[in-house]
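There are two complexes below, and they share subunit A, which is joined by subunit B in the first and by subunit C in the second.
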Partner chain A sequence: MDRPTTPSRPPLRSVLLRSRKHTVLGVDPQHLIRWFFGGNASIAVIVLVLIMTFLLREGIDFLPTYRHELQTYRRAGLEFCDIIDQPLQQNQTLSSSLRQAVSASLETLSKSARDRRDAAFLLKRQIEDKTTQTSESLSQALEKTPPLPPEELAVLRSELQKAAAAAAASLTYTDLFSAAEREQLQREFAALTPEVTDLPPLLQTLAADFTAKDREARTKFASLVQAQEEFEAATEPLQEVVDELKQHAQETKENAVEFEVLETNRLRLLEAAAKEKDPVEKASLTKEAEASFTEAVNLAERIQAITSRATELREQVEKYALVIEKAAAVLPTDAGTGVARTMVNDVRAGIPVHAQAMRKAAAQLDSWRWDKPVSIFTVVGAFFFGTSWITNSSWQDFFGFVPLLSGSLVIAFIAILIATPVSVVAAIYTNQFASEREKELIKPVIEFIQAIPSVVLGFIGISLVGNLIKDVSEWSWLQWIPGFPIQERLNMFNAGCLLAFMAVPTMFSLSEDALNNVPRAYIDASDALGATKLQTVFRVIVPAGISGILSAILLGLGRVIGETMVVLLVAGNRIAIPDFSAGPGAIFQPAHTLTGIIAQELGEVSRGSSHWQALFMVGIVLFVISLLVNWCARAVARRFEPHKA
Partner chain B sequence: MSADSAAKTTPPPVVQVRDMDFCYGASKALFDINLEVKYHRVTALIGPSGCGKSTLLRCINRMNDRVPSARVTKGEVLVKGKNIHDADVDLTQLRKQVGMVFQKSNPFPKSIYENVAYGLRIHGEKNKNALDEAVERSLRHAALWDELKDRLSANALALSGGQQQRLCIARAIATLPDVLLMDEPCSALDPISTLKIEELMSQLAREYTIVIVTHNMQQAVRISDFTAFLHLGKLVEFSPTEELFTNPREKLTEAYLRGTFS
Partner chain C sequence: MSPVSITENPFAGDNSGIQKRETIARWALRVGSYIVVFITVAIMLHIFIKGAPVTFQSKWPFVNTQFLTELPATLHVIEDKQGNHYETDVNGADAIKKKLGDNFRAEKTISYSGGGILGPIVGTALLVIVSVGVALFLGVACAIYLSEYAKHGKFLEMVRLAILNLAGVPSVVFGLFGLGAFVLTAPVFVDVPADRSVFAIPLGFTTLSFEGWDTCVLSGGFTLAFVILPVIITASEQCLQAVPQGFRETSMALGATRWQTIRYSVLPFATPGILTSSILGIARAAGETAPIMFTAALAFKDKLPWQKDLPPLPADASIFAHWEQSVSRFLGIFTESVQALPYHIYTLAAKIPQNEYAERAQYGSVFVFLVLVASLAASSVLLRKRLRAKYRW
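Up next is the complex of A and B:
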């Protein structure tokens, strides 16, 4: 009987050795596949590192560059001028409200006379427009040498008369005029000829009426008018001195900058010449370098011309302050209208403050030193706490971060404030209460929002939301809301609403996941104790998922801060710190943002300039903010989720 | 406590299951179950996996309601003489009367105090003193008070597995239920923790009526007064524990106890 033979086994040695059959270029394909996958995973890390390096490389030079610019600003004396010039800006505001108050007051008396005069002159203009052709041909005929025969002239004259009469009859006369006046006007207009340059008699009367009324008004409000004139006049001598100094300082700065450019150029040429081996080339480079040589600006001497006038400037300021204070004292408490009265009162309160600010500024003049070096801390402070972002200025560029940051933060805050309740409540409903069919509807719809291009949302913000907010803000029964009625259609609130809409999908999906991750066992326990659905949701599920919800909110915040297109289109792009003194109504002011400014300005600045570097610096800060927000989100998610441990 | 002492004084059964059929959708899970749970006694449900022990247990506090399409198709379940499927039964009140402890300990991620107080809070208890009292009483009953009284505000998830399960028992008895349902409460615990819980159960049996599902037949012998043996959705045998284990009436029970199948 044959026993079944077991198949022979290969020798142990050959089994244990690594197979060399399936290799690619001597490498095991398993390894190749592993490297391929690992390589793809590491690309993300590499790209992130590259982005950081690139941002830092472009942006880090900003601080020395800006320091240098601020140093020039100080050495050329611009800073000195700004000590006085900055507080003097307030003068414009005061003077303009005063002017408005005066004209409002005068109008109370002279308005009807002026309207009548203006209406009559407007009518005359319309007649003249309609009869241009005929009257021109007549005046040309009159000027002809030899003169045309009188009968031809007569024909032209009658033509003109006919045209004028027709035009005068076709006009619509406002009811500012009585019937008799209308008739007279019509008659006078019909009789207009190019030879008579005098105004028709009724027009003269109307003009005279207005002058009389205006004079009457000016006597009635004499003290107000006088105060306003005095106030305006007071500025002039001071402004003159400041302007003179400013011009001098500006010249110094321009010369200094030009010298620097030439000097850098010269040094570069000399360096090249030193390296050059060919004697002919070397000679030409050296020659070129010598041609680029200029005299350095003697800053010490030039600044002397400015600082030497500090005393004079101080005296002028003192004089100015005295005069405006006197003007404030004689400002009448009475004005023509209620609005004018408020304005006058504001000005009266504002002038002493302004005078005080001017005096304080003047006191600083002495301690100012042109050669005091600008420390790096000053520069960092000037960037991170600078309150103005001024670029392409003929005077001085400032790169202050606060207006942009405040805009971004206020908008993000509004967006999160709106999006959080909406998305979290929607997530709770979808996760806990909705039927399967509702879930199938709600989830894809909310997630679809993410697919809307942000530029389309921006468009909606401009055309729809802006108008809607503006219209609503004019409803009379909503006037108790601070900031209503709003001035600008494009403002931070509008941008915040749209960003909230954009943040909802992220926040909704992540919150819903967080609720889904709450262990079933908690719900069992709560149910078994007799809790109602609502009790289970609010006492067990939401508290257990709260870290996930918080982390969802933070990730939404990250998304909102980084969003560019919508804020660029909708936020209004005014580079100024929102006026928080207006209270919560400040959210209806326009603002600019960190992201918006980069998108708007980076394309227009010359590469490597201080402005360019400043924008990169903004980019770095934005990057850091995003990193921090994301890190916080992860930390929060890990921290409060014991059930995942 | 033995079966004959229960026979002398016969208070009415706390839970009665009568001719009950139970279905998950189209598939029938329990057939014609009849069961009477005696007042202040421990009743054990034993049987092989998938025989319907847990389902039967969950019928008593209607935890099956949450499973869509799961329903009682025939018969009725009475708790303290009241059919729990009647329209006028308030589910929250029913579950307050019928507490439950699960296989895997599931304390809330809250403090120990809040865990025990939860049941009272959701039933509207706001009085701080009443809550304090109930928490102390429940923890004492669950033999946890001495271990935990100094750290009532610690997170319950920091406790050991056995402590967590006893905390869940404390939570379940805080509302003073009449019946305590236990679904394999020791299956995830080590022998020492199991022992503690078993001791606890025999003490609790003085004040509560307990129904326990267990896989461990020794446990059923140790702690229960009555035992029901289920097989494939049918109640094969229900008698005092001693009797069932020493002298089973049914062949099937005997085979199961011998370990012929499991």
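Up next is the complex of A and C:
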């Protein structure tokens, strides 16, 4: 088509706005200002990239380093020993529960005698504590040369007697003792002096009573005691062989590591010598390098010494398995108490499994090859699915991720489980039901929680919450709760409670925002249909705001997983996978976490070591988790978004 | 349905079930909300009851000046034979022991629990000043771009996403980042670059070497700055957005450039709000522990940062040498590692055995720390309220 040609006009805009523009290096200053601000805006992006870069820079070498370490572990034969040694650890668990069963059985007869003895000794110690000062001054006076005049000693003695009598009178005697015994105890305690080291007669009787009872109990449960002793003894020959091999492997490893250090040193010196121009310096460097030369460890030869004993090892394992299986067969069924009986039964069931595991391990010995290369996938697997995090060990360092991750996840789960109902309920109440005055109380208080530093909450966990939970767990009417009474003050549940408290403000404000954003028309429509307030809230408002609430929960989760100080102080810092076989009571066990391990160990390792790199790897994983959680929260918020009315 | 008797109101609702349920549910929700309030108040009261006696005293000047103005030290507790306990520091211990002579019975030492907490307070203050300075500069500039310049598009979306994600990064990861970036890599002017230097640019009279700032206030402050950056950006942007659009339009209509508009019509009205909101950032920076663990904090230090040990000058030293030493001492507030209150509390809570003396130091530090942080947060909230009343557009 033919266009009508428009007459060319002078550009109006430029004519009107023609002004004397300042330029800086030919650029409009307005643009410079704009770029300046734009550059600052991109700082957030840059920081994210930098975080990733620096984490990767320190951490990415972890995989090759760890691979090398695992290779040494295999080549030196440490892995070979661990094949047998690992399942053998089970023996200790079994024998310890057997030992507990034995002591529980023995207690049925000897408990009262033991309690009486222990109580009497405890009382004696209390008396001694109360009279320390006087008795100390008396004993010092007695030691003096020349000896003090008898009158002064007599004064001291009477003072001590007075103090002891007063202390003995002030004690509370348990009702384990009859009235006559109490009187006798009091008399004997009052007569305690530092010179007489013999026990007072009643205490001696009590101790003898206990010994007699204990002997009687041991004869009664003789078969059980014997079985336990036999079981413990069965491992000895096998353990001996394994220990011997372990020592050999350890030596090999140490030599290999030392050789490596010297070799790298030598190469570095040679390199420096090649660069050096001064002939004297060069000569001295070369000489130094030569001094650093050592014989490489002949791994093949040394490993031969270990693998050649595989047959012997297998025989020992077989012998051991037979012995313990026989022990399991003759394990008596009669134990003193119900608990002991279940324990014995558990051991009886556990022994064949253990024997089976030992046999399986022995069968693996044949297929083990010392020169099999360690693939990078094995290393990745060893990190992400490894079940032990062992550092500074004289045997071998392992960097397995699972114990830390499981601790973090269990704590986060507990925290979210507690925080979600509380914060959602609080959000619903303040948003829908509360009067203005209540709102002015609840909202600032909950928002104030955000300002409490996490280290303060961690301190509260140590000083207040830990004792509180422990005391509560000892109440007799709460004993039906699994895990009660708890062993450790600092545990996952404690940490979870505090983290829940920390997560409440985040989840509360975001949930409240979500409820606020529900379109007014929904509520009006519900009211118009005659719904009660409760119905409107739970059938209309909450479902409409569910996306916001879910994303609030997710963001709370992100906050909880990334929190450091509380878990570092309160979670108990035991690096082990929680024993989930204990049922829900497992939450009262101590654990370690991803964040806690970095904070605790990074200060003590040298830069560039595999441990350092492993900690940075954990940091990378944490960073990725936090990005993922954020992404999920956004996705959820978008996915369930209500249609805008 | 039973027939309704004439005397009753026929329009009255069914009182039996629904209303009872409503009341019960309402009360359940109310109790749920007040549990949180109750727990918060209980924790605060606990700290107040245990911590206030350490910080205050019944005599003039009512404040335990020793606790607030002395550096932390090892506490020595000496017991005599009458069971009296004397608390003293390392210098006083010998004198008391000599005085007691034969009467001396036992001595206990408790690390970090003696003296006061001046060192940690000063350290935290320095860290906060550096971090807030850096974060305000970057954050406000970023907010100005987001609020005044940015147009919808890829870049804006990316920036917003990055800010959101930055807010979610765990604080200990920031610590690792600070360690890698500032402690070990940041550029510094030196005469001879260290071995670990990533690369060095020779500048003739000196060398710009990327070998890091070591653990110091500057490293910790920069790390903390990035921790609080998202808080500052979000708060500043809100304040900028709150300035009515009309102000900008008026200014533009009068022929002002974009920058003049921002400078004269937007920033003056937004600044008070930005500053008040950034107090919240201060509270956050003061409270963080994990980022400064590897970048700035020390468990124990018996000097303030500007009391650096320097070799004594010869008697005939020039005035220039004296001046140089003073400057070097002054720069210590940036280049020295410090104690910080949160890290001090961590040390007291986790690294030393617990007893009554340690507990006193713990609760005292926690109380002072909490009062500082809480008063910052509270003042931020109050000031914001007053500002809102003042600028009502």
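Criterion: the second predicted complex is superposed on the first by the 465 of 645 C-alpha atoms of A that agree within 3 Å, B and C clash if a C-alpha of one lies under 4 Å from a C-alpha of the other, contacts with A are read in each partner's own complex, and residues count from 1 in each chain.
Following the convention adopted for this analysis, a residue touches a chain if its C-beta (ideal position, glycine included) is under 8 Å from a C-beta of that chain, and two chains touch if they have at least 3 such contacts.
Please read these numbers as outputs of a predicted model, since none were measured by experiment.
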item	value
Contacts of A:Ala544 with subunit B and subunit C, given as first, second, both or neither	first
Partner chain(s) touched by A:Pro201 [first = subunit B, second = subunit C, both, neither]	neither
Contacts of A:Thr532 with subunit B and subunit C, given as first, second, both or neither	both
Touching partner for A:Ala41 - first (subunit B), second (subunit C), both, neither	second
Subunit A residues touched by each partner, larger count belonging to subunit B or subunit C	C
Residues of subunit A at both interfaces, subunit B in one complex, subunit C in the other	532
Subunit C-touching residues of subunit A, taken from the complex the two chains share	29-30, 33-34, 36-38, 40-45, 47-48, 50-51, 54-55, 57-58, 133, 136-137, 421-423, 425-426, 428-430, 433-434, 441-442, 444-456, 458-460, 462-464, 501, 504, 508, 532-534, 555, 558-559, 561-565, 568-569, 595, 598-599, 602-603, 607, 615-616, 619, 622-623, 626-627, 629-630, 634
Touch list for subunit C against partner subunit A, complex	18, 21-22, 25-26, 28-30, 32-37, 39-41, 43, 46-47, 81-83, 138, 141-142, 144-146, 148-150, 155, 158-159, 162-166, 168-177, 179-181, 184-185, 196, 226, 229-230, 233, 257-259, 280, 283-284, 286-290, 293-294, 342-343, 345-346, 349-350, 359, 362-363, 366, 369-370, 373-374, 376-378, 381
Of all residues in subunit B, those that touch subunit A in their complex	61, 63, 66, 91-96, 99-100, 102, 104, 106-110, 118-119, 121-123, 155, 157, 168, 171-172, 175
Subunit B-touching residues of subunit A, taken from the complex the two chains share	519, 521-522, 524-532, 535, 539-540, 543-544, 642-643, 645
